[in-house]
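Which chain is which? They are A, B, C, D, E, F and G, in the order written, and residues in each are numbered from 1.
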Amino acid sequence: MISVYYFGAIALILIGLYAILIKRNLLKILVGLSIMETGVNLLLISIGYVSGKSAPILSEGIGPSQAVDPIPQALVLTAIVIGVATTAMALSVAILIYEKYGTLNVEEIRRLRG
Amino acid sequence: MNELFIIIFAPLVAGVIAWALDIKGIRELLGVAGAAVPLAYLIKLYPTIESDGMVNYTLNFAGFSFEFMLTHLSWVFAMIAGVVGLAAVLGIVSTAKKGYEWLFALMSLTGVYGVFIAYDLLGFFIFWEIMTFGSFMMVLKYNKAASLKYFVLSVIGAYAMLIAISIIYAKVGSFSFIEVYRAFSQDAALATVGSSPLFSRGEIALIFGLFLVAFGVKAGMFPLHVWAPDAYSETNQSYTAMFSGVLSKTGVYGFILIYMLIGYRLLYEFGTIRTVPKFGYIIAFLGGLTIIVGGILAALQEDIRKLFAYSSISQLGYILVGIGVGTALSIEASIYHAISHALFKGLFFLIVATIIYRTGKTEFKDMGGLAEKMPVTFAMAFVAILSLAGIPPMVGFASKWLIFESVISQNMPILGAMVFFGSAVGFVYLIRFTYAVWFGQRPTDLDDTKDAPLPLAIGMGILAVLNVVFGVAPGLVAQELNKIFGREVIGGTIWELNLGFGKYNGLLLTVWFVVGMLIAAIVYFMGAKVRKVPITDTYQSGNPVTMEYNLTIRRNFFLPLKEALSFWLRMSFDRFYKDVGKTVEDFAETMRNYVYNGNVQNYAWYLVIILLILAMWGV
Amino acid sequence: MGEASRISRYLYTVIVLFAIWLFLTASLDPQELGFGLLLSLIVGAFTYEIFTTNGLANLHPKRIAYAIAYIPYFLWAMIMANLDVAYRVLHPKRPINPGIVECRTVLKSDVGKLSLANSITLTPGTITLDVKGDRYFIHWIDVKDDSIEGASKNITEPFEKFLKVIFG
Amino acid sequence: MVVKRALAIITLLVIGYWLAVGLSQVPFGEDKMLIGQYYLNNVKDQTGAVNAVTAVVVNYRGFDTLGEVTVLFIASTGVGALLWKRKRKRTAKTEGSIVLTTGTRLLFPFVMLFGAYIFIHGHLTPGGGFPGGATVATAFLLLYLAYTAYEIPHRGFEVTEGLAGMGYVTVGLIGLAIGGYFLFDWIWQTWQFGTDNIGRLLSGGFIPIIYTIIGIKVGTELSGIIDNMVKEEVSE
Amino acid sequence: MSALTIIGEVLVLLGTFFYFLSALGLIRMPDVYNRMQTSTKSATLGSLGVFVGVGIWALGTDYGSIAWLTKTVVIAVFLLLTNPISAHALIRAAYKSGIPLWEGSVVDKYKEHLEAEAKTEEGGEE
Amino acid sequence: MNEQYAALLIALPLISAFFVPVFKGIGKNAVRYFLLLVTALQTGIAAWVFKEVYTTGQPIIVIAGGWKPPVGINLYIGHFAALFVLIIAVVSLVMAVFSISAVKTEPIDKYAMLFLLLMLGATGMIATGDIFNLFVFMEITAISAYALTAYNKTGEAAEASMKYIILGGIGSSFFLIGVALIYGSLGTLNMAQIAQLAATMNPTVAQVGLALIIFGLAVEAEIFPLNTWAPDAYQAAPHPITVMFSAFVVKAALYAMARLIYLMSDVGSWNSVLRMLIIMATLTVVVAELAALRQKNVKRMISYSSIAQVGLIALAFALGTQAGVDAGVFHMINHAVVKALLFLAVGYVAITIGGAEMENFKGLGKKMPWTAFAISIGAIATVGIPLFNVFWSKVRIILATIDVGYTWAAVLVLSASVVEAVYYFRLLHVIWFEGEGEKINESFVIGLMMLFLAALVVAIGVYPDYVWELARKAGEDIFNVTQYVKNVPLMGVGA
Amino acid sequence: MIGINIYLTLITIATLLSMYRVFRGPTTVDRLVAVDIMTTITTGLMVLFALYYKRMIFLDVALVYAILAFGGVIAFARYLEGGV
């Protein structure tokens, strides 16, 4: 039986992918990409979770044996920032595309082919 | 520096320098030197081979071990390259227009030497590629379609060879001919005693098939010959002397290698038809078809270059038949014919080069009566015609006779008939050449035609002399070839070939021939004076003349034959390959537009589908 | 009311920021205090120009007193608002009578107007839709009087008496 | 289209099942720590930080963070490059109402201060340079949203961004020079500054320094991205 | 269990109840304007309850400190300031993006104002 | 000198990129020459690292922060990385020169920054010894590549970039899931430790994790059908950037793929992953060659050709033998040189004549003989003619492929090579024998660079021993995992 | 923590109801309003978690979250209004 967090993470990943596969609007596809990334981040965080342990900040009476694994959290922080960066890039490219093509429909953005 | 290396690389080095300097005069000098030096070294090394049986050298290079060896066999083939190569290069002195022609002509010569001297499969392959590339670059300039056809078929052949080599290497672990030979012999022995052999039946068949394609392309074997007529005709004709005379012999050499390296194994695996090994029978039969197809098509050509190109194909057929029969005699006969073909076909192409160089014409309809204007060239042509037609005492007779004897001695009537047919059709197209070019009325624009320039004349001279010498003294060649087999396959003396069931005495026949020639000379000089009729007015017997049916020796001479054969002529492998090519291109186009259709959403689907496959596969 | 001097405005900003810092850290550790002051000084330097026009004048005791008095008054109004909401949401008939009305305000300062708008938004059945000069356009869930005077009396005036003093 | 949707759903479900099968062997909520436990046991002594995540982010795996900073820098540069026009201006049509503008004015210093609070306390509390920087950028975002004419001082921001980045690498290089390793925490390990201060502000070696640098960098970068996104080309 | 924790619990309970009411308003009300009427107020008050409740509650525990209360108060004040601003921005956006008022609405002074404004602008141009 | 200074390979491009906005006010040319200076310095450092590694025979382990692996992140600059970092630096240097004349689009300062960071990303991908750090460097590479692809700001450029972003985004997400699975199972991110513990990993997790990681990398490594973004990106990117994509960006992904494959060779499903990869790699070659066949745009044609070669490298890496890996590395080097030459020359034609359409190449032999010559050398080499470098590696790949028994793959690959021969043949014919034109003055500097690359092509072709020796050592570095693990100074944590 | 289940139930119901509005719309502003409510509720949830885990440090997280959410909502609102 897999945990509800894993389940949620996988669900987010699949929802994101679904948007990428089905939505015609470029912005929606990018939202899908972000949702997928969020799912992946949730997955990473969930993997580091240990039942009954607290955030790995060793203050307020929390000792090394009561804290969860700090690594996944550190990784997720990095992954989030990378996701933000990707999204920012993608948005500016989308702006450029809209400027040049006058549409955000992926089926009309295909001058490069073959 | 190693002498074998000098032989192999002297032409290339000379070519590169000649091309880089590109100074007229010097580049010609360098080119001739590049062709002469290997020949000199080959002659110089002969005593060593005579005493030690071989000259060898091993080089560790690029992480591989390359072996080089000059044996009796490779020496003979290298000598073909040396002599005909030099003659052709002399021709190129006159006909080359651009510096790079020197580079690529000589590069292909290096390739040829490498192919003959390399004693391992990889080296063989590398030089094969160099040779192919050089010759391809010689064709490229003249004709896009012709060079493309040549190129594609060559590449296919080369890659076929590469796969075969790789399969062998994967199992044997070495490229060395010696190791490969040993492994296959052992394998045959293993198979004989019933142990499981290294190579399965399928693998051995695959290797043979791949080599057949590889060597067949280069040798112009039917149905892989389609590149040859165009490539031979669409380049510098002096170079074609080398192309047809020498390069095609690498294919022949390759077929001999099949016997040398994997013959036992093939023989064991597939057995024989009567006395001929089955695999050899395939080669022989394809060779026979090559003779016929090449011969007929040669007869139908209107272009002098094309005629000899097809003739080359036809002649190569003889050699393949001999090899295919697979007895010591037949193979020796084949090598003999390889030599003579190189000599007379090299000569022919130099003659063609001279004609084109002097007249600028290539079609029979534009020629005629040139014997008068170009007596030296005509004399050369005379030798060549006799040799090709297999008239004693030229070298061509000796070799054809040997092949015929070797086929008949194995009781193979169909092949015998094919060989005979080839000779017959050879007469047919030679008549055309003889009369349309040299005799008859000369078009007025050819009145100022000069005879061959000196380098070309020297080149032709060398070849013509050898045609005669080896015809008069066939034993010179035969006794050298016997050394390859290490026993007396063809008996006799220098002047005489003795097979036990047949004899040919070159000296004796020469005497007869000289008499015949005197008669011919008389006929010619009388004929040349007597005939003076309009060119369009021959042999119509009073029938109304249409342009189409204006059959002169110079135009559409064999048109009726063409019509009679029209059904067969429609079955063109050339067209078949073109259709295959076009189908591939159309497929490529469709696939490209379908797969890379520009829609990023579809692309995302591809990714997801791969994920799906991973998921389903449970990877 | 004219603009206060730069120093006054800067000091006021720093004081406010430092006070917030104290609330954020709730620590008397000298390291925290020191860095808090330092950061307040730095951030204040960058932001005081847009943060305040009145400067230290905002700290006038009368204003502070009214501000403190305003808190319970406003909270009460807000709780009432929510009970009203609860009634409307939970009532099966959903008793509403919405519309957009216009009010006027006597407040002059921007902050005052902001406070008024926020107060309106958080209290019974009203949300500030737009403010233009002294005109407030308000979405009213239960329109009792759609005249400017009537609406003002109902909506803005109850807050203005405090806000007028606090923000001027 | 229906078929396509159905196919997509089926395909995705299979993939999802596959992922779930893989994940089912990584039991949720169980201790899988190898390196993680080492960090928890040693973080205070080795880095002076209380927040193990921060210690991992900035110190143990500082190399990742340098990369992360770079990624954001690339995005900012890339957005700037792509939306570059010879002349650009804000073309917003309606100004925010007095409610929004005044609210922004009041919030601006507070949000800035809070951003600074976040990145300077990174080694003690959750957060650090990136959330701090994002908070700072939000302050600027609010200004952009409230005022139609507002623009950040680009030149200054770009230079700040560059200098902050150089500062980060320089801190790493000083580590290389002093301690022999790139990104070596020379403040904590060589100078042993703040060893009696664990849990208080002046501890954590170079973490607060780096987080301050990152905070400034991220703040300016995100603001720059916002600036680029909201402006449009105008003819000269 | 101290008095502080009891006060805290009660406040939190009230707060979460208002959260619930807020969300219920989102469902029950007929259009976006009226949804905002119910939701913003309740959510803000709910937050107020939860934050201050937690702050007070923590004071009554062994781990709590005054910092809990000050911090929660800061958050509460922040929300008290920003939530109405959000609501204002949203309702303005709703109106300007052309979402019509509920059909039962009785008056629209803003529309009259905008029309008059447009007229003066036109006049100014002439 | 302390070998930790190899960290400068990362630090220098970074600090230089950050420096650009500080000084860019001086002027556009200052930025251009700064780029030149930095890449030259980087080449110097890379050369020093190369010399160190190849003379001592020991890898340089850069330990970030002084934390020994697996606690900290380490760079592993072994024979492969040392060699390839040098290639990256040299290609970047040459492209910095090319950029001076090839890139006129504004804003040039941003171009310079992205250029440096692309170089940095590839360097990091090749050097890192940590699987998550690999992800970070992969993203650095990818995002700078996205930006640079769109840099020309045409519709096509934006379109290509968008495709790259979407597909690359999916790929990197799944890569990260793979990393998460492996971390969840082993509790470590260090590559050496993963290799050590791979055999103990839960087989299901290992299976899914390995597959996902390879999937993610395969998108960047242009493996069919995950490579659909590549031709567009190659075509639309500024010419120097296309060279960099082909010469080292895709190679970095390929390397990462190979490295991870061999590190995890103890995983149960290893062989089926390899088989899948072999199929995909072979298809990559076949489809790309066919797609190139009738291309009207030469740059796109060569892009497809490049993808095909990449497929060949992937095939070699997927064979699972030392011979395969060696051949793959060898081909990587050769392909880097040849494609750099080709894209440089084609790009130069495009900016001089005004486009890379086939039409523009008519009469090129007369108009720009040196460039035409360079293209010819590149084309001939790519086709795999002896005496040119690619021949040796291609033969090695075929030998290695058939050695493992994948004769069908070799047959397909070689059949595709026939197609490749055809379209290069057509290009050569167009260049030399079609069309007329007046001679155009060719840039001396660019001519020099083309000459340098062409000389390299021929030099390696005529005397491959030295480079082959390098490739062999580098291949050993990838293939010999035991040695790799031994070389990384893992502290006892978690072992 | 007597009432923890009550709080969580109320908050969960509230979140689900808001979620319904997010998906249902019908206008973009409707969704946005619902999101705004959800962020407010989430802020409250974070504060509650701080208490539950006895970690004051989560309060900082809540405030950061509130700030970012506010920025986001305003940005969207201004975008819809056409005022950016």
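Here is the rule we use: a contact is a pair of C-beta atoms (placed from the backbone, for glycine too) under 8 Å apart; a residue touches a chain by one contact, two chains touch by 3 or more.
Protein identities per chain, from UniProt: A, C, D, G = Cation:proton antiporter; B, F = NADH dehydrogenase; E = Na+/H+ antiporter subunit G.
Nothing here was measured: the structure is a model prediction, and the numbers come from that model.
Asks: With one step meaning two chains touch, work out the least steps from subunit C (Cation:proton antiporter) to subunit G (Cation:proton antiporter).
Replies: 2
Asks: Chains touching subunit C (Cation:proton antiporter) and subunit D (Cation:proton antiporter) alike, please list them.
Replies: Touching subunit C (Cation:proton antiporter) and subunit D (Cation:proton antiporter) alike, sorted by label: E.
Asks: Please work out which of A-G and C-E is bridged by more C-beta pairs in contact, and write that pair.
Replies: Result of the comparison of A-G and C-E: C-E.
Asks: Could you find the chain whose CA centre sits the greatest distance from that of subunit C (Cation:proton antiporter)?
Replies: Max centre-to-centre separation from subunit C (Cation:proton antiporter) belongs to B.
Asks: Which chain has its C-alpha centre closest to the mean of all protein C-alpha atoms shown?
Replies: F
Asks: Need the CA-centroid distance for the pair subunit B (NADH dehydrogenase) / subunit C (Cation:proton antiporter), whole Å please.
Replies: Roughly 101 Å separates the two chain centres.
Asks: Express in whole angstrom the distance between the two chain centres, defined as the mean CA positions of subunit B (NADH dehydrogenase) and subunit G (Cation:proton antiporter).
Replies: Chain centroid spacing, subunit B (NADH dehydrogenase) to subunit G (Cation:proton antiporter), equals 85 Å.
Asks: Round to the nearest whole Å and give the separation of the Cα centres of subunit B (NADH dehydrogenase) and subunit D (Cation:proton antiporter).
Replies: Once rounded, the distance between the two centres reads 73 Å.
Asks: Measuring from the mean C-alpha position of subunit B (NADH dehydrogenase) to the mean C-alpha position of subunit F (NADH dehydrogenase), what distance in angstrom results?
Replies: Using C-alpha averages as centres, the distance is 44 Å.
Asks: Indicate the residues of subunit C (Cation:proton antiporter) shared as contacts by at least two other chains.
Replies: In subunit C (Cation:proton antiporter), 20, 24-25, 117-118, 128, 130, 132 touch at least two other chains.
Asks: Hey, what residues on subunit A (Cation:proton antiporter) touch two or more of the other chains?
Replies: 13, 17, 20-21, 29, 43, 47, 55, 57, 59-61, 69, 71, 75, 78, 82, 85-86, 89, 93, 96, 109-112, 114
Asks: Spell out, as numbers or ranges, the residues of subunit E (Na+/H+ antiporter subunit G) touching 2 or more other chains.
Replies: Correct list: 24, 36, 40, 44, 63, 65, 67, 71, 74, 78, 81-85, 87-89, 92, 96.
Asks: Could you please write down every pair of chains that are in touch?
Replies: A-B, A-D, A-F, A-G, B-D, B-F, C-D, C-E, D-E, D-F, D-G, E-G
Asks: Can you list the subunit A (Cation:proton antiporter) residues touching subunit F (NADH dehydrogenase) in their complex?
Replies: My answer: residues 13, 17, 20, 26, 29-30, 33, 36-37, 40, 43-44, 47, 69, 71-72, 75, 78-79, 82, 85-86, 89-90, 93-94, 96-97, 100-101, 109-112, 114.
Asks: Quick check on the complex: what are the subunit B (NADH dehydrogenase) residues that touch subunit A (Cation:proton antiporter)?
Replies: 592-593, 596-601, 604-605, 608
Asks: Can you list the residues on subunit D (Cation:proton antiporter) that touch subunit A (Cation:proton antiporter) in the complex?
Replies: 4-5, 8-9, 12-13, 15-16, 19-20, 23-24, 26, 28-33, 35-37, 39-41, 43-44, 50-53, 55-57, 61, 64-65, 67-68, 71-72, 74-76, 78-79, 82-83, 124-126, 128, 130, 199, 225, 228-229
Asks: Looking at the complex, which residues from subunit D (Cation:proton antiporter) come into contact with subunit B (NADH dehydrogenase)?
Replies: Contacts found on subunit D (Cation:proton antiporter): 8, 11-12, 14-15, 17-18.
Asks: Enumerate the contact residues on subunit G (Cation:proton antiporter) facing subunit E (Na+/H+ antiporter subunit G) in the complex.
Replies: 2-3, 6-7, 10-11, 13-18, 20-21, 27-30, 32-34, 36-37, 40-41, 43-44, 47-48, 50-51, 54, 56, 59-60, 62-63, 66-67, 70, 73-74, 76-78, 80-83
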